[in-house]
Amino acid sequence: MAVITDVVCPFCGCLCDDLEITVEGNEIKGAKNACAISRSKFMSHGENRIRTPTVKGKEVSLEKAVEAAAKALASAKRPIVYGLSSTECDAIARCVELAEITGGVVDNTASVCHGPTILALQQVGESKTSLGEVKNRADLVIFWGSNPPAAHIRHFVRYSVTPRGLYVPEGRKGRYVVHVDVRETPTSRVADQFIKVDHGGDFELLLALRAAVRGAKITEDISGVPAEEINALAKRMKEAKMGIVFFGLGLTQSDGRHMNIDVAVGLVAELNHHTKFVLTPMRGHYNVAGANTVTTWQTGYPYAVDFARGYPRYNPGEYTAVDMLAKGEPDAAIIVASDPAATFPANSAKHLARIPTITLDQKVTPTTMLSDVVIPVATAGIEVEGTAYRMDGFSLRLSKVVEPHGGVKSDREVLDMIIERVKALKEDA
Amino acid sequence: MKELVLKPKKLPELPLEAEVITPDSVAGKTLKEVKALPVYVGNTVHELGDYFDVKGETAETPSDQLVAIQGECGNVKYIGAGMTAGRLIVEGCVGMHAGAEMEGGELIVTGSASNWAGAEMKGGLLRIHGDAGHQLGAAYRGSPEGMTGGVIVVGGDVGLEAGAFMRRGMLIIHGNVDSFLGVHMNGGEVFVFGKVARRFGAEAKGNGGFIACFGGVESILPTYVYDTTFRPDFMKLYLRQLRDQLGIEAAGKFLEASFKRYRGDIAVGGTAEILVVEP
Amino acid sequence: MEDLKIKGGYVYDPLNGVDGDAMDVLISGGKVVEKVGRDAKVIDAKGKLVMAGGVDLHSHIAGSKINIGRLMRPEDHRKDVVPRTRVTRAGVGYSCPSTFVAGYRYAQMGYTAVMEAAMPPLGARHVHEELNDTPIIDKSAFTLFGNNHFTLKYVKEGDLEKLKAFISWLLRATRGYAVKIVNPGGVENWKWGKNVGGLDDLVYNYEVSPRQIVTMLAQANEELGLPHTIHLHCNNLGVPGNYETTIDTMEAVKGIRPADGRKATVHVVHCQFNSLDGDNWMNVKSGASKVAKYVNANEHVTLDLGQAIFTDTTTMTGDGPWQFRLWNITGNKWVNSDVEMEAGAGVVPYTFKKDNPANAIQWGIGLELALLIEDPWRVYMTTDHPNGGPFTFYPTVISWLMSRQARTDLMREMNKSVLRRTTLPNIYREYTFGEIATVTRAATAKALGLKDKGHLGIGADGDVSVYHLDPTAWRPSMYRDLEKSLARAAYTVKGGEIVVKDGVVTATPLGSTFWVDSKIPEKLEAEVMKEIEADFDKYYTVGFRNYPVEDAYLPTGVRMETKGRWAR
Amino acid sequence: MSFTLNGVGIEDTFAEGFGMWGARIIITAKNRKWANIAAREMTGFATSVIACDCEAGIERQVPPEETPDGRPGVSVMVFGFSKTRLATPMLNRIGQCVLTCPTTAIYNGIPEEEADDMLDVGASLRFFGDGYQVKMRMGDGWGERQRFWRIPVMEGEFLAEAKFGAVRAVAGGNFLIMGENEDATLEASERAVEAILEVPGVITPFPGGLCRSGSKVGSTYAFLKASTNTPFCPAIKHTSPDSQVPPGCNSVLEVVLNGLDEPSVMKAMAAGIRAATEVEGIKWITAVNFAGKLGKFQMGLKDALGVE
Amino acid sequence: MFVEKITVILISGRTSQQGVGLEVGKTSEEYFESVTYIELSTGDAGSLGVGDGDQVKVETAHGSVVVSAKLSDKLEPGTSFFPYGIWANQVFGSETGGTGMPHFKGIEAEISPSSAGVPSLADLVATLKGGS
């Protein structure tokens, strides 16, 4: 029995790096410090695994599957590479290269989680911080449209609510916690104050707060929030020693999308005339930040990148997977570490069933169920080493704690094989 | 003006990218050269002649060139993008980015346009008789400047974020317009004769920019301050210009109208105006 | 790899006293040698300019800061797209080029080594990942120290030995090359939304001054015998009147005994931004002549220009409060990024305009520094890419240095304040090719302590640039030809391999990444590690053992061991 | 040397004009009454630069269909000796007389392509808005590029075009009408001025378009730079040594004209002279000049009238 | 006495159970249980006459699906919560407004009692394949 310490959790954007994984033989026996989801990921990582590659439902060798994948991609006029967020950075880099050599599009799951956050950053910027600054300094913590107990279970404990920090030695007592949302959630129960905002009313509320921070007195209720509550929150924000807004998909997926973030960024920026204020998106997949980061350094753009013209072009809404599928554009797709058939609106998802779809995954998903080519791969962060970027943009080394189940290859290795074959096929053509 | 006629043959199912369809790129060329202009389908390159019958005459210079597309091009992107002179008439619909970054001349679309029509337009006239999609005349992602000149006239309805980051120029919409019209605008004039959805003018800075609403509004942002109801002389100038120079009949009806004036967006210390016609 | 004979070019190799002699450069096994085999590949360099590969000691090409720049500026990329070729990857250029393109474009100009000038320790892994995707050029990254908790702690305690141990450990942990300091103390105060206003302001909670931080880090740096001096971005950057702070800072480290083999104890970076005179942006004028006068009189200082270019660019520094200030001046979009316990950064797009008086003066200051400082071995050509402008403008900067006509032609188009509020119009100096070779290669390599770089002596690395330019026929009036030939090298040779021919990339080897390994006495190491680990557990959100950069991130790492002077 | 027109003797001489800078301002208002009030106020005390800051007058009434905002308008012209000496009085007069006048707006009357220079009047005027002024743009990138300033005032908003075209203009056009008696001379002069009002591009800056005093350069008093036009005063025609009043003439009135160019002034002079000659009792018409010492324009009456 | 259907504002989102379930595997019982329900306020459920675990049909402009009801006294009437998953995605549209992001939160939906049965994962994949 071996205990591996300092293991980084490959589930959510928190990238907790204090896991202690107990391994016996090639079996994981325990996951200390892990949250419920993380434990499930480690403990069940061997369950429901895809055993062998398949082409049109028939079991084939890895080479045959790779060949089928390469043929479909090499002959496609509008291939799309999608997913990327639940694997390590080297695999992500291969995805970008695959899109480049096939003259296709590469998009990652950011487009349906914090893509709008990136659009806002491109419009107005962002005042952000690494999570440790929150732990060490923040005396005002605002969760806006985010609910860590559902998606980032240890966030409260490690970073934002209870930890004792350099200048917040009292921990929870040293912080005032506000939750703004359209409904009460477990986060509201933790918070000192819950502000219920009307559906689709975040934008107006954030805008009014910014006006209040600038000195305007709000006299009417906005988005269901009483005027005095808005004025009081603005005052509290200005008087904080250091404040932070952790925002989630409650802002990015509701009416207003990127503009909700744009105005939140503006509010936070404005507050820097008075005190220190920052905001941080609650990124979901453990390496969605890495998908954006790698794609950006290689192409200049974080997602929705089109290589049809040989050079990268960028336009969310045009080159994003949901839109392209809804319009029926792609004539081949390769899905890496993602399940768009389940996570996209059905109208988009169904196009995947019409075209050659290649999926690299560990387990059966709706996407593998409708794919022509399915290639089982090893789990990054459990069976494969690599890099992942935390929600605040800092990277950690993922560990390999056990050998890949059934000797399967990693995303990176399979992608390398596909790239090599695509290159050869393109040369021949 | 010399007229060149393009008739779509069987267009591909994938979008066709044809930024070569402008008076600029055909003027001074032979028909053979025009037919050989590159167009793109996914990752493949084709010739314009593969998808269009090309007939008529080319002019020496773009300003003497009329290009007429006779047929639906709803899935053809970048028609008229970057054009600087001449006239381009599409008898039908156009795909994304029609007239994007155009600098001059006239682009007329008798049908509807998709997203990003007239995006980052610098000059000229873009007339869309049907509807326009999202991001009409907007800035591309990240760009601090949307329209910096020119006029866009839309006969029908318009989607989200029309005129986002507008700096100069005019946007005239006959139909209804969806949210975030003129968001981040900092100059430029917007006239809407249909109904305006909420959140228009959000984070607008001012610099003389205004949004004039003639057909009602869903709601006005709380960060716009109501000042007065008045009949400003300057509006008469614009409305006469719209009526007389652009043939916007609707404008003529409001020459004597009173407007409610709002100023904002105070959330960004802005001085832009919203003018809502009094019924 | 086959041997190479670069035949008959006009060679400028100031470190070896070669000044335009027509001669051969022979390379074998990736090194400059005395003799090559008969079947050596021959590059005909007759009538051409030959120099060692360029060495840029201050640029921002990798890591979170430049990547934020890339991320936030799709509009910048759109105007400069780079398609894929059989040899090269696709990407984008202009002010925030993609990693591949940065490597290609440096090589296309004949540069073969580039230093990333600011690496936040927590972001070190990221920096190295990007460096590994930056082809051709050799690299290193400078670790940020000036606002690090442990720096401030040991400065407060006045414990030089522990500070040295910490520096050694952090350089090793981050695989860093030099001690970078940005707005010492100011960035820590920025974490409360404040700044420092000068050398003797205090840092909150630590109660130490920028003066103490800089002098103690410089002292430690020299005692450790690190290959490069401290690499210092002074306080008050971008504040009119800041030339005084700059000179004060230089003066503060004057008494420190340099490490063996050099005279310098401080390198002041992008000095253009720190040589402003006047009280505000309305009456700002050049303080360059005063800075130059000090530098001319004091051998312990080196500096680089941070030359301003009239173009749209992206400013990015580890100086959070300055970037906030710039956001307020410009109203452009602003990204701030604080890094727990150690650093911060900010990014703001900026356009230098010819008709803007302040910009015209900034342009003038950079050139004044270059032209008024007499010793080219102590003033280096940079644009602080991309702060002053993209590195792709280096050929243009060189044309300004070498041709007074180039300067005056441009000044005619500029705001006239450049004429009145700088001394540039009265400067007649024009750099020689030998001096250009110095400020772009020989001197930078020497300042960095890269002994095999920046020259073509026997044993030097086989990094050579050959340009389509006959230096014997060139006159300052031909500055546009100069710009053109420097922008597209006839040949760039990296480690003996031809990587660029006629401005086109022909091969994309991955260059080396240099890092410094400074040994700490065992007992001291144990003691300091214990302290660091304790604070880590309490205040960092990353585990102490997950913090250091793993070897996997340095596939082409080159370890440079140094032995310092230790008292304990 | 002379000739006759409608039986009136006309001296074959020339009116001596000199160069000035001229601008045209279209004042509009809610109705003609207020447009005229503003125009009259603005052109008041602007007869001659001898003692006024500029010379100004009403050019014509502009019908609503011709004004930019479709309201009744009045065209006003202002003349000054230099661009600055034109711009400053324009600014002062617009500021004091038009901006203050209810319902008015001002527009440039000389388009950029016809102007020799553009005066940035709005640049200074806008500060009256105390920070609340709004820049208004028209035609960017597609039509005629125009700029205005909207200045909030108590009544509502004052709209002012930002730039006004200035041209190198002609001042000092004139002719003298001499009649048997005061009545005839006045009537002829009034008719002359009415006729001149029909000619575009010209104003008559003096009261009702007429100057009864005339003036000559210099005086017997050293401290005066101008004095009554002794050669043309009938009351002293025998006591003054250099009288030029012909026999039978007992009243003289001068019509003074400024115009945007020489042909306009000459056209207006001709129209005025023709109208004057139609009145019974007019004997003689001449023009004032200084033998070419004052200005570069010599506008001959014969030329103007097209008489061979 | 019960209404036939009610209109709610529908939001979708993560839950920790859904996270745990998907890590076991999307074919697992745990996953099915974690994503095939819709949270209704007790008030709304009461007016429909729906009890905890009863099946309801969720219908929007984009599609419909049958799942079971889960009662919540935290939710305000008029708001309903649907965990992320292929079931939820039957009722969300693919229009992104030029942003790439569909509206996953804050769309209008009609809820009515149903006895049609909750479709299985395979059923839904089959629908996708059917292209209807």
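Just so it is clear, A, B, C, D and E label the chains in written order, and each chain counts residues from 1 on its own.
Keep this in mind: a contact is a pair of C-beta atoms (placed from the backbone, for glycine too) under 8 Å apart; a residue touches a chain by one contact, two chains touch by 3 or more.
Computed from a predicted structure; not experimentally measured.
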{"item": "For subunit B, the least number of touch steps when starting out from subunit A", "value": "1"}
{"item": "Other chains in touch with both subunit B and subunit C", "value": "A"}
{"item": "Chain whose Cα centroid lies at the greatest distance from that of subunit D", "value": "E"}
{"item": "B-E compared against A-E, more contacting pairs", "value": "A-E"}
{"item": "Per-chain Cα centre nearest the global Cα centre, belonging to chain", "value": "B"}
{"item": "Subunit A and subunit D, separation of their C-alpha mean positions in angstrom", "value": "75"}
{"item": "Intercentroid distance (Cα basis), subunit E paired with subunit A, Å", "value": "23"}
{"item": "Approximate Å spacing (C-alpha centroids) for the pair subunit B, subunit D", "value": "46"}
{"item": "Centre-of-Cα separation between subunit E and subunit C, whole angstrom", "value": "56"}
{"item": "Residues of subunit A whose C-beta touches two or more other chains", "value": "119, 122-123, 255, 307, 309, 314, 316-318"}
{"item": "Residue numbers of subunit E (touch at least two other chains)", "value": "97-98"}
{"item": "Chains touching one another, given as label pairs in label order", "value": "A-B, A-C, A-E, B-C, B-D, B-E"}
{"item": "Touching residues (chain side subunit E, partner subunit A) in the complex", "value": "9, 11-16, 19-21, 23-28, 62-63, 74-76, 79, 81, 84-86, 89-90, 92-106, 121-122, 124-125, 127-129, 131-132"}
{"item": "Interface residues, subunit D side, partner subunit B - complex", "value": "28, 68-71, 105, 132, 134-143, 148, 150, 156-157, 159"}
{"item": "Contact footprint of subunit C on subunit A as seen in their complex", "value": "5-6, 8, 17-18, 89, 93, 97, 100-101, 118, 121-133, 135-137, 158-159, 164-167, 241-242, 269, 272, 274-278, 292-294, 296-302, 307, 309-314, 385, 387, 389, 393-397"}
{"item": "Residues of subunit B touching subunit A in the complex", "value": "13-15, 17, 40-44, 96, 115-116, 134-135, 140-142, 165, 179-180, 183-184, 199, 202-203, 221-223, 265-269"}
{"item": "In the complex, subunit A residues that touch subunit B", "value": "76-78, 102-104, 119, 122-123, 203-204, 207-208, 210-211, 214, 216, 218, 220, 222, 255-256, 259, 262-263, 266, 307-309, 314-318, 328-329, 331"}
